[in-house]
Structures are given as C-alpha cells and as structure tokens.
C-alpha cells in the first residue's frame, strides 16, 4: 500500500493546496491522487496549478476537456486515471451512450495506431 | 520504404474497399494507411467496416469523435495517426484554439498518468 | 544521425562480437543495431550472448520465435525492430499470408488490450 | 469494482452475442471481458465479429495465433489480456516449455526495442 | 513537416518566452520543441515555467536530473526527447562511459518490466 | 494469482540461482519476481546474470543506477518494478527529497515526451 498524506498529518504548504482543491471542487476531501502526490509538495502545487490552467473552459467546454483527458488516459493504460476521469467526465455531463462511443473510438484508435506503426506508413503530403 | 498497394496493381477485393473509401470521403485516392494495409485484404476490409461503424455520428458528433481519436493517437505516440487525425479533425471543424487546448489536455494527462502510476495510487471508492 | 561504429574503427572486443555475428549469420557485415550498440561494448556482448540463447530453437522453432519477436516489437511500436524482425521472420519462412494474419492478430490485440484496461476488467478466477 | 453485465440483466442484442460466444466456445458463461464490454452493445458485437474473423485458423493455426496474441498482450503490459490469453494458448496446446520460451522472447524483444529506439538506429536498406 | 514558429513571426507572448529561454541557456535560438509548442502560447509558457522549477538543482544536481530525464525519455520511446536530452546530459557532464551504463540500465529495465508484468508478479509486502 | 516457485519446490538449477541472489544481497529469501521467473529456469539464470553485470558500480555508482532503473520503470508504467526499485533505490541511499525530485522529472518528461511526439518535432541538427 503506497503512502497517502492525510490532511491532519500534512505540512502547511500541502494543506494550502488541499484547501484550494476542496474549495474549487466543493468536496469535503481530496482524491487519493493528491494525497499520494503530497510526498513532494512542489510537485503537488505545480500539478494543481497546471491542471487548473489546462482544464478551465475555453475554446473547448468542460465536458469535452474531461472526455479528451479520459481518452488519453485510456490510451496510456492508466487504471487510476481512467477511473478518476470517467467519474469526472460523468459529472461534467458524459452519459452512457457517449461513454460507449468514446470507448469504441479509443479501441479503434489503438488498433489502427498499431497497424500504422507496424506497417511504417509514410505520412501523406497533404496532412500538413 | 514499406510497400504500398496502388489501385492499378490491386486485386478486385482491395479495389472494392478503395472504391468504397473514395466514395464515402469524396476523394480521388485513398491515404497511405489503406494502401499499406492492403497487403492483407481481409484486414483492410474489416478495418474499414469497423471504422465506418465507430466514426458514424451518434451520441457524439463527427468533430468530437475525431478529436477523441486524435487525443488517443497522441497519447499512444503514433506519428502517422497523429498527422492523419489532426488533418481529419481540422476538416471536421477543429480550429487552432481547440487544437491548442487538446494538446494541453493530452500533455497534462501524460504527466498525471505517469505520476498516478509511479505512486501506485489506490482507486477512490466513490469513482465506481 | 546517430553514431554507428564500423568494423574498421572498432576496438578489439567489439570486433570479436561483430565476427561472431557475421559467422553465426553468414553475412558480410552486421546490421545497424549492432553498430549502434557498439558504443557500449559490454552491452553489445551481453545482448548478443542473450539473443543467441533466447533464439536457439527449442520447444519452439526458429520461425515461430521470430514471429513472436515481431509481434512483440509491433505491439511496442518500435519501427527499427519491426523492420528488422519482419526481414528475419521472412528468412525463417514466414510467407505473405502468415504476415497478414500476424498483422491482424497484433491489431486486434491492441484494440482488446485497450478495451480491457479501459474497463478495468477483473481477471476471471479460472484463468489461473 | 467496474460494472459487469450478467446475462439475466442483459438486453436482447447483448444476449445474442453472449449466446454466440457460449456456443462457439462450448462454455456455460462468457468471460468478464465480454460482460464489461456489454456496456456498449455495438462495440460488443463488432469486437466479437472481428475476433472470430481474425482468430479463425488460416495460414497460421489456432495455437500459433493465440501465442502471437499473448506475446502482443505481454508487450503492451495488459494484465487481464495476458491472463486471458495465457489460458487460451494453453487450451490451444501451448505447454510449459513453449510458455517459457515465449516469455524469454518477449523479454528480450523489450530490451532490444528500447535499445534500438534509444540509439535511434537507422533502418538497414536491405530490410525492405 | 510540422509547423514551427520562428521568432520573427511570433506574437509578443511567444517572444517573451523565447527570450527567457535564450537568456537562461545562453543560446542564440531556441530548440525546435519550443518553436513547435508555440502553436499554443499558454502551453509554451506553462511548460517552460514547469521545466524551470523541475530542473533547478536541489537534492539532485543538474547532471543527475538530465540523466533521469533521458532514462525516462528512452523508456517512453520518444526519439526527439532522447536526442534532445542526450545532448543536454552531455552538456551537464555525462561522458561516454556514463551514457553506456545508462543505456544498459534502461535496456535491462525494459526487459524486467515486461517480464514482471507478463508474469503478473504480486508486490512483495516489504516494498512499502 | 500467478504461480510462484518456492525454494523447497524448486529444481536444482533454480535453487542455484536463488542461492546466488540470497548470498549477493544478504537476504533470507528472494523477491516474488525471481519466484515467478523461475517458471523458465534459463530466463531466470540469464536475467540474474545480466542484472549483476548491468548493476555493478562503474562510471555510475549504485544509487545512481537504481534511480535510473526506477525512472525507466516509472516511465514504462510497471507497478511491480516501481515498487521494487523504489525500495532498492532507498536502500542505496535515495532519500525523500531525492525521490520527490525524481518523481517530478519523470512526470515532466512524460508531458514533454507526449508534446514532442504529438507535434512531430524534427530533431535539431546540433543534437548529434
């Protein structure tokens, strides 16, 4: 079992980030990811700051960003990230039919990714 | 240089798939991916059939599906697929600002994916 | 362009391995992989020794071993290894129909691998 | 714990695929992979249909195809797929000595894959 | 050929980051990575800021950090990153013998990583 | 639960390697990795022999080698290897501050690896 830093045992700079996450998300406690990352306080702060910047709605809305995050996490085979961002994408409005289609796209991409690389397909001139 | 099957040199079952792709996309020739995959005609047909089913707009529209495909291909590090689906996503309406935010999400996901796995973070009970 | 050590410029311990490879394979020169790996002579020797042990026919014949090597290299997305072991598997007897079916299996495995991980499927009790 | 769709709770189109799998394999129930994939019935059907086509013996026999599937799954690091296809390859005739040699090939491929990519080895002209 | 943003064609917020990189490194121009990332100015700025924080010598010195970066890039199979961080690690003091041993460790890790996953080895209780 | 070979049930050639590991490390029993790998005695012996050669201090000391091994294992997403080599690196002198910085480098490398590949950045001429 890896080490998780709970709020009560956390140093002040960790508590400050935990407080910011709880306030931004309106939750009583932070996820295990943040408790685990707290072993390195500078990484904790930097990661939370980056995530805030990246996930703020802009040209893409929150649901779209969460679904892209989920697709990238599935493609990378990260079980925790897939579970975490499936939950987040659902909260942002992804329904079961959307999840099913996302799953199909990620599976299909995995197959054609391997085929394209196995065949060393040269990039078509008009892609750029 | 890997082997690419051109239309004129292709057997009938390959020409039939090439014709279907050209008709569906309104293009004069198919991409290198299909010419390379034509070394195995059953894989060519099955992959095109699957792709048609998976990419048809449903709960998600064409642009969203192409962007998810692109995110999965970037996360898997497939250069050809990334080039091909960047072009496809642009044709489906992805503009430069959307591309920039997609890129930021994929990059951020890569970092947190590695951190979550490196720390072996246990899945939170409320994710399921 | 990465650095390649040619025979004439190689130190004695590298020449000894190059000679062993050329003798074992009946070729006038070694592949680029060995010329590149020669930047670290102990790795060159250890890798060649290991490869000899692993690829010697035993319960599996040479063709089968080369095709497994190729499948693993395709799945890992290594372009050089895929090119190199496609050539080696062909020399060991893999024909075009076998290559086509190998490609289809690797592609299908990539898709179901991602789906199984994305859905975090629990291992069935009777697999062990 | 991810969601698994059991036969009794499954809609008709899912039951039809489950029935086909049980009949084709002569088993009383389907594996967890199929129960998990049933969250998206079109993906369930398409994946089963593709797998049937790809795994039918042709230029390669059933044991060889299962062992290639296993090698690709090991190389991709999918724990469920490795467990599932180890069991399937054993049913198709892979004995312990074959498994040991397959493992050695996959391990060796992993090492040389990384070395070839780390050294960015240029592809030898005679590979194509 | 992907799109690279040159200094003269860059908007002010991109020039500001390019100026910071050139000043910090004492170089007349930035690497292609930064010119490519400049398609999304917020990602450019955030990535440079993060990199500065992460790579500043602390408990580990600059050479050690560059070598860890290189090992992670080799393990992930990123050709550009491997080339870029090989150059950076050399500037930070990595000599040929160190490079050879780093390469051997990364190769060996790749093999045992695959073997540990292929065998689904349970984590020993005393690791935590 | 995968199969682990315990000392008492092991054939002589496996016991010989287990004895060598126990003697070299001064431990009463070997880790699960070796017990699992013992299903293929030649792989067990070859892997232990290779590991001894690769991990012997040379141009790099033991701590540095263990930390590079850990960085490569984290980047490859191998949970067992990460747990095992975190423990080994700690025994070799990695303290919490070093672990935190290693983690930050690996995470940052993961992000820039994906970005460099997603943007297909061409390698700068002066890297070689």
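Going in written order, the chains are labelled A, B, C, D, E and F, and every chain counts its residues from 1.
In the analysis below, contacts are C-beta pairs under 8 Å (C-beta built on N, C-alpha and C of every residue); 3 or more make two chains touch, one makes a residue touch a chain.
Owing to the predicted nature of the structure, the values given are computational and were not obtained by experimental measurement.
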Identity of the chain that, by mean CA position, is farthest from chain F: B
Pair in A-F, D-F or A-E that repeats B-D, with over half of contact pairs matching by residue number: A-E
Same-residue or different-residue interface between chain A and chain D, half as cut-off: different
Distance between the centres, which are taken as Cα means, of chain B and chain A, whole angstrom: 21
For chain C paired with chain E, centre-to-centre distance based on mean C-alpha positions, whole Å: 27
In chain C, residues with contacts to at least two other chains: 1-2, 39, 42-43, 46-47, 50, 53-54, 74-79, 83, 100-101, 103-104, 106-113, 115, 117, 119-120, 128
Chain contact graph, described as a line, ring, star, complete graph or other shape: complete
Chain B-facing residues of chain C, complex: 77, 96, 99-101, 103-104, 107
Residues of chain D touching chain A in the complex: 39-43, 46-47, 76-78
Contact footprint of chain B on chain D as seen in their complex: 1-3, 42, 46, 50, 53-54, 128
Contact footprint of chain C on chain D as seen in their complex: 1-2, 4, 31-33, 36-37, 39, 43, 47, 50-51, 53-55, 58-60, 64-65, 67-69, 71-76, 78-81, 83-87, 95, 97-98, 100-102, 104-113, 115-117, 119-124, 126-128
Touch list for chain A against partner chain C, complex: 74-75, 77, 79, 82-83, 103, 106-115, 117-120
